[in-house]
Amino acid sequence: MLEVSGLRKVYKSGRRSVEALRDLTFSVERGELVCLVGPSGCGKTTLLRCIAGLLEPSGGTIRLDGNPVSGPPPGLAMVFQEYGRSLFPWMSVRDNVELPLKQKKLPRTRRSVLVSEALDAVGLAGTESAFPWQLSGGMQQRVAIARAVAYEPSTLLMDEPFAAVDAQTRADLEDLVRALWQRLGVTVLFITHDIDEAVYLGQRVVMLSSSPTVVQDAITVDLPADRDQLHTRADARFTELRTHVYEQIQKAKRGDPTPA
Amino acid sequence: MLEVSGLRKVYKSGRRSVEALRDLTFSVERGELVCLVGPSGCGKTTLLRCIAGLLEPSGGTIRLDGNPVSGPPPGLAMVFQEYGRSLFPWMSVRDNVELPLKQKKLPRTRRSVLVSEALDAVGLAGTESAFPWQLSGGMQQRVAIARAVAYEPSTLLMDEPFAAVDAQTRADLEDLVRALWQRLGVTVLFITHDIDEAVYLGQRVVMLSSSPTVVQDAITVDLPADRDQLHTRADARFTELRTHVYEQIQKAKRGDPTPA
Amino acid sequence: MKRVAYVLGLPVVLFAAWYVFSAGSENFYAPPLRDILRAFARTWTLDRLEADVLPSLLRLAAGYTLAAVIGVALGLAIGLSPGLRATAEPVLEFFRAVPPPVLVPVIMLFAGIGDGMKIIVIVSGCVWPVLLNTVEGVRAVDSVQLDTARAYGVTGVSRIRQVILPSASPQIAAGLRQALSLAIILMVISEMFAAGNGLGFTIVQFQRGFAIPEMWSGIILLGLLGFGLSLLFRLAETRALRWYHGLRAAARGR
Amino acid sequence: MKGLAGLAGLLLLVEALPRLGLVDDAYLPPTSRIAAALGDEVVTAEFWRAVGDTLTGWAIGLTLAVVAGVVAGVVIGAVPALRAATASTIEFLRPIPSVALIPLAVLLYGTELGSTLLLVVYAAFWQVLVQVLYGVADVDPIAEETARSFRFGAWARVRHVLWPTALPYVFTGVRLAASVALVLAVTAELVIGAPGLGKMIAVAQTSGAVPDMYALIAVTGLIGVAINLAARTFERRSLAWHQSVRREVPA
Amino acid sequence: GSSGESSGGTESGADQVKVGVIPILDVAPIYLGKEKGFFTSRNIELTMEAGQGGAAIVPGVVSGQFQFGFSNMTSLLIAQTKNVPIKTVAAGVASTGEQGKDFGAVMVKADSPIKTAADLAGKKISVNTLKNIGDTTVRESVRKAGGDPKSVAFVEMPFPNMPAALQDGQVDASWVVEPQLSQVKAAGGRLVASNFVDAAPGLTVAAYFTSAKLAGEDADLVKRFTEAINESLTYAGSHPDEVRAVLGSYTKIDEKTRGELILPKWPTEINQASVETLAKLGEQDGIFDGATPDVSKILP
């Protein structure tokens, strides 16, 4: 279980000081899939970095399964918003996906199975030997996703992972994430700007306010666990939920303080 | 007027050779706003780079107002898909936006008006003195947009320019682009993965097939010129059009050859 | 064809100019190129190459390799640890500013007068560009790449081998390139002390023996040596940094 | 602060080595004796004149080398054809040791400043040039394309894109060149006998005045440390935006 | 004074003269002479340029940067075989001619098995410059003592490094000159040969020289310089205490050593016979690359 309480982060550099997160408290059950939405610049990436142990919070605590997070916890995979920069340009696509698996000390055969399965799942079979910079933006992003998927993590943090892919691929990837989540029981924290996506994917949707950032609202998505692109999105409850989230975000952008 | 005819681009590097564009022919009238959609990796960025004169096509011709494009034409502004890397990390946000204006030799006062207007329009007032790497992903993308907007171009090429911003901001920016286009009579070529966005924004939507890439289809968006987020998107014709585009893209992804 | 023209074009022009302008030179220390070339053919016979150039090259290879290894290893350590950098930098800067000719006697105190001393002299001079560039290259590794490695538990040796070194490699290459020609220079300097053979020794002997055309021919040989080694270096670099050059060339549409 | 600890360690080591009999103190005297010799030196006007002479040669030579290296590097680096045409010549000239040019320098300038400058500039120039060439090649292609798409002129591309990218490389180049220039300035004085610290070292050496010699060597080393300190301070200011510097600001 | 272009007259009319010297014991007379005014009285304003050796001094003289230079005889002979346009103008320094009491000698460590010059055969000896006056004269010592001169292995290192190298056993013997000679003696070193003495009686070790151009164009200046040098040499020869004192002005030799070191002889005449012997020895050892130096061409 992931518990964030009273999280605060202030960036200081020279004269400039930005309070990215003011006071965040929420928790994610083990094996839960939570989507996080919020206006651009509200601190979602900052939050994810803190949870991953990559950034030192200025205040508050983060606990994963009861232990305070001080560095990246084992079994964590992360898809960075800056997908392009998070791929190593000196490695082929295959090596990029395989490297974390090597760190996990998986045997070679298992690695190669995982790598090709993951690349297949994101629709990149055949590009194994290309370098990341020979791929289109969307393809690069999918390599980053494949890397996380192949890792078979126990906690998966994704920062706008589908921003650069087309609608159809996006739908496929959404289903991929849900399938992975159901198969492995991963805890997933998923940042997106696409409200439909948040509602379609998540068990819960947490909405952040704009800066100074607090939790604006959080809803439980009471849609059936078996979802599919056609029927779920056509569901009346789906529309209700998405409208609710949309309104909250609009409020957040206007700066209405309606903390949950 | 922009005319692309028989455009072909093959990337060769070592043993690998990728035919990114096979045979593209279409044209954009002067002052037209055309949206371009297509599966991830189909060559949209490649096409935009060729049009901007940044990349040498392997075959075919591109003409702008009758002149073959050999380098970036004057009055062109481009928002790159890799927005993060297209901002200069050694300059403040203000300087990043202002630099192209200096190149245009605009007087100082005019520059400062344009810069603050543009930053205001994308919702970044107050970050002028920050460095790009101190901003969130969405904010960086908006700086890149502000740079293009402040430039008051006669041709505007945008490569998934709203991929990293939240829904509300996205809507605002869409309206900003339409307003700019109407005010200045800019020729706009707009790449997006959001089908609704393509239909909402464009006078026409050009759909590309998946690799080997040709023009799969092109539709004229016969919605009224005065559009707004609430009513236009609720229009029945809007839904029809977006369904059409969606189907075409699905076809393209499956690889059905239905060239226009 | 075009590449050959590029490689040879300017040198040919320069040598031709030298040839023409020096043709009537009366100056004892700046003899006509004609004489120098004649001396070259006369001096650098196979025997001479084996007796003097080969030992030099061996020392050069040993010194350069050692400097590369030390420079990269130390540079990694210093680049990764700001604390170590703060502690070690002044001491290193201190030694960096001491001229090799005055350092040699001190080195001789500890290393004797054999090849070991000469190799140490080469190392002591050409380790710096490698070291400095490695330090800067390591410091400049992209933060997102570092975060990615951390998040996926890529730590320790594999972090260094798979992430930090490749990322810093373009700058390390710059250092190695610098060090290569410095190594040749230091080879010459080291052979000015307690040497009995070697290219540098021979050139110094020519200089002292007033064999000026021979001396210039030796300098030309040094240049050729540098040129040859840099070709090898470029070959190695092109292979090792294929991703880097590819990345830059690809986006430039060439 | 930590840097002082490092230097103190070195001083201790040099004090200990001869005291423990690991080296003969006739050839490597302990720190205290060197310090005493240094104390005797620093009160003489001759010493300060020598330091002044050395630093003059160093500063002028370094300035010339850096300016020439940067200009040549940017021009050559920015024009691929020029780069291809000059590469072989550069590789040919670079490994020619400055010391081999001593007769030429004396021929042209005697023991005047010119001799020292010739050697200093020749040696330091290449260091800067090579660094700049690599730095210019490091430009992010997207940044370059951005500049091209906005039709930046040649100067603007150099000024706003090439230069900032190359700057970290240039800094390394200047730091390398600064010490090479110092080394060559001292060496030139040492061998040619142009006035300066190097000449004093030579005199101390031939006279068997070992502590004096080490004291003078230490002075060159300390000058090097001071130069680096200045370079680092300057770097922190002008590279505040760069990965390497921004990460070190505590968050 | 008929000051030529090359010597650059000043407003006061005195000739500006630069002399390239190595700042060692050998050139004490010129420093002393300058102090005593032997040069100013001949309308010469003297500056000493201290180079580390021939590499810096000879080109300086040839190019006219210096008017005069100081060099050992063997180097001058080598220069002659290569037709370097230079000519000697005055004697520089000469051996004392006394076995065991010369200003240069071959030294070994106290406990060295080497007892005589003959034992040097097959050993490693350091000299400051290979193929020069050091190794030819040391070979002559070995030869005269009945050893095989060919089997001696010479290594090159600067004089100041030799005491340490000898002490450490990096070399078996060192040819050193003052002040290193005193230093080695103080460290317990033992003398095995006085090579200059063995080479030739009254050996002229070094001389002052000028460029052929200056010798031809400004004979007057050369003449005045020679006179001044000769006066200096004579004065130095008869005032050893002042020599020891003047050393303190241009070297850093400490006072105690200055008092102890063996002074060379400073005759005003170049000993032509000894030079010819040097030339013969050099030829024998192959340091002229097969050429034969023409002694008469370099002597004044």
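Every chain is named by a letter (A, B, C, D and E) in the order it is written, and numbering of its residues begins at 1.
One rule holds in what follows: a residue touches a chain if its C-beta (ideal position, glycine included) is under 8 Å from a C-beta of that chain, and two chains touch if they have at least 3 such contacts.
In UniProt terms the chains read A, B = NitT/TauT family transport system ATP-binding protein.
Because the structure is predicted, anything quoted here is derived from the model rather than measured.
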Strictly by the touch rule at the top, which chains does chain B share as contacts with chain C? A, D
Determine, using the mean of C-alpha atoms as each chain's centre, which chain is farthest from chain B. E
Which two chains have the most C-beta pairs in contact? C-D
Based only on mean CA positions, could you tell me how far chain C sits from chain E in angstrom? 37
Can you compute the centre-to-centre distance for chain C and chain D, using the mean CA position of each chain? Integer Å is fine. 16
For chain A paired with chain C, centre-to-centre distance based on mean C-alpha positions, whole Å: 48
Where in chain B do residues touch at least two different other chains? 11, 13, 49, 54, 82, 85
Going by residue number, chain E touches two or more other chains at 53, 55, 59, 62-63, 158, 160, 164
On chain D, where are the residues touching two or more other chains? 27, 103-104, 107, 142, 145, 190-191, 205, 242, 246
Residues of chain D touching chain E in their complex? 24, 26-27, 102-104, 106-112, 190-193, 199, 202-209, 212
Quick check: in the complex, which residue numbers of chain C touch chain D? 3, 6-11, 14, 27, 29-30, 82-83, 86-91, 93-103, 105-106, 109-110, 128-129, 132-133, 136, 139-143, 170-171, 173-174, 177-178, 180-181, 184-185, 188-189, 192, 200, 203, 207, 212, 215, 218-219, 222-227, 229-231, 247-248, 250-252
Would you mind writing out the residues of chain E in touch with chain D in their complex? 18, 20, 22-24, 49-53, 55-56, 59-60, 62-63, 65-66, 158-160, 163-164, 167, 179-180, 183, 187, 250-254, 257
So in the complex, the part of chain D that touches chain C is made up of which residues? 1-7, 9-10, 23, 27-28, 81, 84-89, 91-100, 103-104, 107, 123, 126-127, 130-131, 134-135, 137-139, 141-142, 144-145, 168-169, 171-172, 175-176, 179, 182-184, 186-187, 190-191, 198, 201, 205, 213, 217, 220-225, 227-229, 232, 242-245, 247-248
Can you list the chain A residues touching chain C in their complex? 49, 52-54, 71-72, 74, 76-78, 80, 82, 85-91, 99-100, 102-104, 131, 133-134, 147, 151
